[in-house]
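Should a chain be cited, it is by its letter among A, B, C and D, assigned in written order, with residues numbered from 1 in that chain.
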Amino acid sequence: MFSVYEELFISLMFIPAAAGAIVGMIPIKCSGNVAAFLCGTSAFFGILSYPLYLYGGDIAFTFPLPSAWGPYSILIDELPAMMISLSSAVFLAVLAHMIFSVSVSAEGRYSSTICALFISCMLAMCADTVILLLIAWEAVTLSTFLMASGKNGAAAWKFLVIAHIGGLMVICAFLVMLSYSGDHTLSSWSDLGNAMGLPASCGAIALLFMGFGTKLGLIPFHVWIPDLYASAPTHTSALMSTVSSNAAVMILFKSIFGYIGVSEGMYVLAVILMAASSFTAVWSALESLVQTEPKRILAYSGMENMALVLLCFSIGILFSDGGSPGLMTVVLVAGLFHVMNHSVFKSLMILAVGSAEDCTGETAIEKMGGLAKIMPAFSLVALVAVLSMAAIPPFNGFASEWLMIQSMMGGEGIHMTEIILPLGVAVLGISGMMAAVSYARLYGFMFLGRPRSEKPVSSKVGTAVLVPMAALALLCFAMGIFCSQIMEKLARGVAAATSIPSDDSFVNHLSGTLNMPIMAGILLMAIFAAYVLSRAFRKKSARSPTWDCGTPLDENMQYSSMGFSQPLVRVFHPLYGDVVEISDDESSENRKRYSIKFAEPFVEHLYVPIGNLIMRGARRVGSTQNGNIQTYLGYILAVLVVLLVAVRFV
Amino acid sequence: MIEFVLSAAQSVLMIALAPLFAGILKKAKARMQHRNGSSIFQPYRDVAKLLRKNETVSESSSLLFRFIPYVCFGSMVLLSLMTPFFFVDVAAPYGDLISMVYIFTLYRLMMVLGGLEGGSVFGGMGSSREMMMSVLIEPSLLLSLMALAGLTGGSTAVSDIPRELIGMGVIVLAPALVLAASSFFITLLAENSRVPFDNPSTHLELTMVHEGMLVEYSGRGLGLMDLSSMMRLMIFSSMLCTLFFPWGMALTASPFAIFVGLAAIFAKVLFVTLAIALIESYLAKYRLFRLPNLLTASFALSLMAMISLYIL
Amino acid sequence: MDAAISGNLIDLCVVAMLLLSMLAMTTTRIAQLLNAFAVQSLFLAFLAFVIADSTGHTELFIMGGITFAVKVIGIPWAMRNTAMRLHAGREIDSTMGIPGSLLVSATLIIVAYLVTEPLMATVDTIARNCLAMSMSVILIGLFMMVTRRKAMAEAVGLLIMENGLFLGVMSISYGMPLVVEMGIFFDVLMVAVIVGIFALRINKAFDSIDTSVLRRLKE
Amino acid sequence: MMIDVEIILLIPAAAALLSAVSPKGRAASVSVIGSAAVLIASIPMCIRAFEGTVTEYGMWYVDGLSSLFILIIGMIGVMSAMYSRGYLLRDKEEGEIGTGDIRQYHIMFNLFLATMLSVCVVSSVGVMWIAIEMTTLVSAFLVGFYRRNSALEAAWKYLMICSVGITLGLVGITLVYASSSHILGDDPGALNWPILFEAASGLDPVLIKMAFVFIIIGFGTKMGLVPMHTWLPDAHSQSPTPISAMLSAALLNCALYAILRFQMIAEATVPGFASALMIGFGILSLAVAGAFILISKDIKRMLAYSSIEHMGIITIGFGIGTPLAVFGALFHIIAHSVTKSLVFFSAGNVIQGYGTRDMDSVRGLGKSMPGTAFMLGAGTLAIVGLPPFSVFVGEITILSGAIGAGMYHIALLIAAFIVLVFAGFTRNIFSMMRGEPSGKIKAPRGILRMLPMTVLFLITLFLGLFMPEQMSDALWSIADWFTGAV
C-alpha cells in the first residue's frame, strides 16, 4: 500500500547485509565486526516485517533488473512476515552473541558469509519468483558450506554434496510445477495439483519432502548433520539449525499445501512420509542418547524436532484425505509453530553450549560438569532452553508439542487413520521423552554435578553474551505463554497461504482447554507459595560433601554420561549396532579397557557401500582411458559400426 | 461459585489425604506380610518432622538443587488442582490431559536433574533408570489417554471425560476402557516407583531408583519431595478412579451427590491402594532389564484399546 | 567409352582398391604398406578419370590429376624418405595377427554392405555400387589404425580412409564442388605434412615411433 | 562492398604476421590488441544478426547462431591473450621455453583464432569442414608447444584422433551432399548451408540418417563427446593453460556449431532422429565425464572432463529441442565458456605457483594465494552449477526444458550425473584450499594474470543473476529459429 515505504523497508533490510558481505571481504582487522554489525542492522529491520505487515498489509518488491527467468520479486505476506520477524530476531541474537563473545573475534570472511546467509535465508522465505527461490535456497546451502568449512573439511563436503542432492530434488520439483503452471510468479500458483494429476503431484511432493529433508535431517540424508555440527563454529550451527531450517520448512509448507495443494488420494504418500519422518524422529532421539559431544546431541535433537515438524506435515496430507480441513489447519499450525519455537530454544541452547565449550576448552561431555556453580547465569538460560526443548510447560516447546498431540487425538475417527494416528502419538511420546532424556543428560552432565576434569574454567566469554541469551530465554517463555495468540495468527497465515477451506472447528482445538497464562501463573504461584511457606520454618541449611560411603570422591567417581544412557541403550540394543572394543589400558598392567563404539549404521551400511560402488564403477570407467591411441581409435570404430548397424536395422 | 468452592475443596482434600493413603498402603502391606506396621498417620508425622529439620546440602550442588523440591511440589499442587476427585469440575480447568502428562514430565525431569546435582553415583544411577522407564512409559500413557479421549468423543478436557462416560452409562465398560485402564494401571505403578518397577522401601544401592535420586536431600527438601511423591500417587490413583471409572462422581453440587461422590472416591482409591499393596506383597521387584517387557505389555494394551475402539 | 566398359572399369578399380586395403592389412613391412597405398591411390586416380570420361564431369580430371600427383607420388615418396631418416625399422607390428585382421576386415566389409544396402536405391549414379566398397575401405582404414602400432602405419591408415572417402565422394555424387574438393585435398596434404613433423619430433624425443611408447597419459 | 567478415578474419591473420615480425616481447601485445580488435569488429555484425539481419555474401554466411559463437570466441580470445602474456613470461623465467617459442606461440595463437572464427562465418559446409580441420592442425602445435614427451604424445593423439574423426565427418558431409544431389543437382552452392537447409525437407531420409551418424561421430570427436573424447584430457592437460582455456571454451564450441548446423538439416528431414542421437551421446558424455572427475588427480585433466560433461549437457539441451531447452543450451554455451576459462586461468596460477598439476600435492591454497584461491573457489562453485553463477541458470533451464518436454527420465539422469560431477569436483578443489602450504610456492603476480579472471568472474556472476533484455531477446530468437518455432 505504501510503495515508497516498501522499498525503503526492503532496502533497509537487505542493503546493510549486502554491504556487510562486501565489507567482510576487505582484509582489515575490524572488518569482521563491522560486517556483523551491518548484518545485525539488517536483522533488526527484518524483525519489523511482521509489525509492518500488520500495519500495512503485504509488502511486495520487484528488482528492476530481470533474470533469465523473469524478474526477481519478493512478497511478504502473513506467514513469511512472521517467519522473517522471528528468524531475524534469532539472527540478531546470534550475531549479538558473536559480537559480544570476547573469545571469538569475528573473522571478516566469516562475517561476510553470515551476511550472505542472512540475505539468502530471508529471500528464500519471501521469494515470489521461482528463480529467486531456487537461487536463494541454493545460496543458503552455499553460505552454510562456506561458514562451516573450517576444521573438518570432509564434513563440510559431505554436507555440500548431500545438500546439493536435496537442492536438485527441490529444483526438479519446482520445475515440474513450473511446467504445469507456466507462470514464474509463485503467488499465482495455487492448487497446481489439479492440473498435474495425482502421480505427478505425489512425485513432486515426495521430491520436495526429500529435498528439504536433506537440510532438515530426514533419514537417510542426515549423515552430514552430526559431523558438521561438531566441527562447525558455534554460530554456524546456531544459524544452520534454526534460520535455514525455518526457511526450509516454510518453503516446504508453501509448496505442498499452497502451490501443489493436497487432495484426496494421497493416503499412501502420506503414510510413507509419516513412516519416514517417524522413523527419523525415533532414530535421532535414540542416537542423541549416546553422543559424547554436546554439539552432536544438539544435532540429533535438531533432527528429531524437524522430523516432528515433517510428521505434522505428513499428517496434514493425511487429513486432506479424511476431509477434515479444520484439523488439517491445526496440525499444520502445530508444525509451523514448532519450527518457530525450535529456532528460539535451539539457538539458545547452541549458544549456551558454545559458550560453555569456550570456557572449558572441552568438547566432550565426559570432561565437563559442575558449570552451574561457576556460571550460574549461563546455567539458568540453558535450563530454560532445556526445559523448552523437553516440552515442559509453560515454555514454548510444550505449546507446539501439545498442539501436535491435540490434533492427532482430535483426528481419530477420521477415515483410515484409526491405527496410524495412535502410532503417530506413540512416536511423538517416545521420541519426545527420549529427547527429554538426552537433554537431561546434556544439562545434567554439563552443568550439574562435580567437574570431571581438572582444567581451570576461564570465563573468557564475558557477561555481555548473556544479553542475547537472556532475550532468547525470555522469548521461549513469552512464546509459550502467548501461544494461543500466536497459533491464531499462524492459522490465519495458513489459511492465506493455502487453499484449505476455512473451517471454524479448528478454533476449538487451537486454544480449547489450554490456558497457558493462567496455568503457568498457578504453577509459579504454587512454587512460590511452597517456597515462602517452607521458608517460614526458618531452618538453617548446612553444606557438606556428597555422601560417599566414607571414601573421598574423585572426579572419576561420578556417574558417567555414557552410563547414564546405558539402560536405554540396552533396551534398544538391536537398533544401535554398538560394538564393545577391548583394548589394553596403558596406565595399569594387565588391565583391559572396555569402550563402546557406536557406528552410524547408515554410514556403514548405506553410504560406504554406495560410495564404494560408485568409485569402483568410476575406476572401471577410468580404465577405458588407458593411454593407447589404438584403443581410442577402436572406440570410434566400434561406436561407428554399432550406430550404423543400429540405423540400418532399427 | 459453589462449583468452584467444591472443586477447590476437592483439591485441598486430595493434598491432605495423600499421606493418609500412603500410610494405608504401608499398613496394608505390613498386614499382608503379617507385620504390625506403623500407624496409617505415620507419613504425616514423617513429613512434618522432615520439614522442621535442618537441611544439609551437598557441596557440589548448585542453586537449582535447592529449588527442585519447590518446583516438584508446586507442579503437584497444580496437578491436584487440575484433577477431579469426587466432583466432576476441577479448580483449574486451564489445561487438559496432555498438559497433565507434561507436568508430570516436569516433575520427573526436575527429580532427575536433582539426582545428578550431587555428583554421586547413586543419584546418577537413579536418574538414569528413571529416565529409561519414563521413555517406555510415555507412549503407553499417551495412548491410554488417547483411547479414553477417543471413547468420549475426542475431547481431552479433564472434566468432559467423566461427564461423557457417566452419560453413556455402564455400557461403556467396553473392552477399550478396560484395556486402557489396565495399561494406565501399569503406568501408574511405573510412574510412582512401585513394585515391580522399584522398591519404595529399599535403600539397597543396586536396586533403588526413586530413592536413589533423593539420596542427597535432607530436611525440608526431603520432606517436600516425599510429600510430592505421595501426592503423585494420589493424583494418579484419582485419575484412574475418576477418568476411567467415574461412576459415582458428583456431577452437580447437590449434597447427596457430593456425599455419594465422596464415598465412591474413597472406596475406589482405597481399592486401588489395596491392589497396589497386594501387588507389592506378592511380587518381587523385577530385574531392571525385564521392565521393558512389562512396559511393552502396557503399550500393547493401550494400543489394543485403541484398536478395539474401532473394531469392536 | 561406352557405358558397359566404363562400368566394368569402375567396378575393377573399386574392387582393386578394396583388395589393396586388405593387402595393406596383411603387410608387415613399411615399404610394402606404402606401395599398397600408392597403388590404391593410383586406382583412385584412374577411377576419377574413368568417371570423368564417362559422365562428362570434367573437373574430375583435375581431381584425378591431383590425386595422382599427391597420393601416388608425393606422399609415398615423402613418407619413404621420412621412414629412412627415422631408421624406423622395416617391421610394422600389429596388435592382431594377420588372420584375425583379415577376418575382422571381412566382417567390416559385410557391415558396410549391410548398412549401405538401403542407400543403393536412393543414389542414381553409375558408380553407386561403389558406395559399399568405399564404406569398406573407410572402415578397414580405421581398423588398420586401430591395430597398427607404428606411427607411420597409422598415418597410412588415415590416408587409406581418405582414399575410401574420395571413392565415396566420386561414387555417389561425382565429386563435390571444386573449391571444396581442392580445399579438402590441400588439407589432406597438410595433415600428411604435420603428421610427418610430429613423427619426427616424437622420434627425436622417444627414439621410436612405435606408438605403444605413447602411453603415459592415462587415468 | 561488404567486408565485415573479411575484416574479422584478416585481423587475426594480420596479427599472426605482425607477431612474427614484431620486436622481441611485443608479440603478446599484438595478440591482445588483435583479439580485442576482432571482438570489437565483430560486434556490429553480430548485433545486426541478433536483430535478424543475416550477413550473407560471397562465401560467408553469418546469422544469429554464428554470431553467438563468434562473440564467444572473440571474448575468450581476448582473455586468453591477456592471460598468455604473464603465463609465458613465467614459463620463460623458469627456463621452460625461449623467446622464439613465445613468438611462435603468438603466431599460432592468432592463426588458431582465425581458423576458429572462420568455422563460424562460412556458408559452405565443405569449407566449414576445412576450417575445422585447420583448427586441428594449428592447435596441434599449440598442444605440443612445450615439446616435453608428454606434450608430444598429447599432440600426436590429438592430431590422429581428430583427423580420423574429421574424416568421418567428411563422409557425413558427402552423404548429405549426395542426398541433396537429386534436388539441387550440380549446383555449385549445393553445399551452402542456407541452400541445404531450405531444401532439407526434400532430402533423402535414409541418407541423412546415415550422414548424421557420421557427422555426430566425426565432429563429436572434435567436440569431445564420449566415447570419441579420448584425446581431450591429454590435449587439455598438456597444452599451455591459456590454450587449454581456448580449446575448452572456444574450440569445442566450433565443433558443436558444425553439429548444430547439421542437426537442423537432419531434424527438418527426419524429425527426432538427430535429437535422439544427441541426447544419447550427451547422456553418455555426462555419465562418463562424471566418473572420470571422481577419480582424477590432475587438475587440468579434471577440468577437461568437466568440459566433456558440459558439452554433454549442452548436447542434451539441443537434443531435447524445445525452445526452452535450446535457449538453455545456448545460454549454457556462454556460461560454460566464461566459467571454464575462469577455472582454467586460476588453475594455471595454481600450477605455476606450486609447480605441479597433481591436486593431492597442492595444499593451503587459501593461505598462499588468496586471490587465486578465491577465483578458483568461485569458479569451481560456478562450474559445478551453484548459483548465483551462470552455469546454474543454464543447467536449470535445460532441466526445465527436459521436464517441460515430458522427458522426466532425462531430467533424472542429468540430475544424477550432475551430482557425481559436483561431488568429485568440490572434493578435489576444496581439499586444495585447506591445510598448510608446503614447499616453495611462487605465487604468480601481475595485473594481467588477475584481470581476465576478474572480468570472467564478474561476467559469470552477472549472467547468473541477471539477463539483459537484449540478450534474452537474442537468445530466444535464435532458439525459436533453431527449433522452427518461428
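Everything below uses one rule, namely that a contact is a pair of C-beta atoms (placed from the backbone, for glycine too) under 8 Å apart; a residue touches a chain by one contact, two chains touch by 3 or more.
No experiment lies behind these values; they were computed from the predicted model shown.
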* Counting C-beta pairs in contact, which comes out ahead: A-C or A-D? -> A-D
* What whole-Å value do you get for the distance between subunit A and subunit D if each is reduced to the mean of its CA atoms? -> 43
* Structure fact -> Expressed in whole Å, how far the mean CA point of subunit B lies from that of subunit C is 99
* Round to the nearest whole Å and give the separation of the Cα centres of subunit A and subunit C. => 68
* Asked: What is the distance in Å between the mean C-alpha positions of subunit C and subunit D?
  -> 31
* Asked: For subunit C, which residues are shared contacts with two or more other chains?
  -> 115, 118, 142, 145, 154, 211, 214, 216-217, 219
* Asked: For subunit D, which residues are shared contacts with two or more other chains?
  -> 156-157, 160, 164, 168, 210, 233, 292, 295
* Structure fact -> Expected list for subunit A, residues touching two or more other chains, is 622, 625, 629, 631, 633, 636, 640, 644, 647
* Which of the chains touch, listed as pairs? -> A-B, A-C, A-D, C-D
* Asked: Hey, which residues of subunit D end up touching subunit C in the complex?
  -> 124, 126-127, 129-130, 133-134, 137, 140, 144, 147, 149-150, 152-157, 159-160, 163-164, 167-168, 170-171, 174-175, 177-179, 181-182, 186, 188-191, 204, 206-207, 210, 233-234, 237-238, 292, 295-296, 301
* Which part of subunit B faces subunit A closely enough to touch in the complex? -> 51-64, 66-67, 69-71, 73-75, 77-78, 81, 92-96, 98-99, 102-103, 105-106, 109, 112-113, 116-125, 127-129, 131-132, 134-139, 141-143, 146-147, 149-150, 154-158, 215-216, 219-220, 224, 288-289, 292, 299, 303, 306-307, 309-310
* Asked: Which of the residues in subunit C come into contact with subunit A in the complex?
  -> 95, 108, 111, 114-115, 117-118, 139, 142-143, 145-149, 154, 211-212, 214-219
* **Residues of subunit A defined as touching subunit C within the complex** => 622-623, 625-631, 633-634, 636-637, 640-641, 644-645, 647-648
* Structure fact -> The answer for subunit A against subunit B in the complex is residues 369-370, 372-373, 376, 379, 383, 387, 390-393, 398, 401-402, 405-406, 408-410, 412-413, 418-419, 422, 425-430, 432-434, 436-437, 440-441, 443-445, 447-450, 512-516, 518-519, 522-531, 534, 537, 539-548, 553, 557-560, 563-568, 570-571
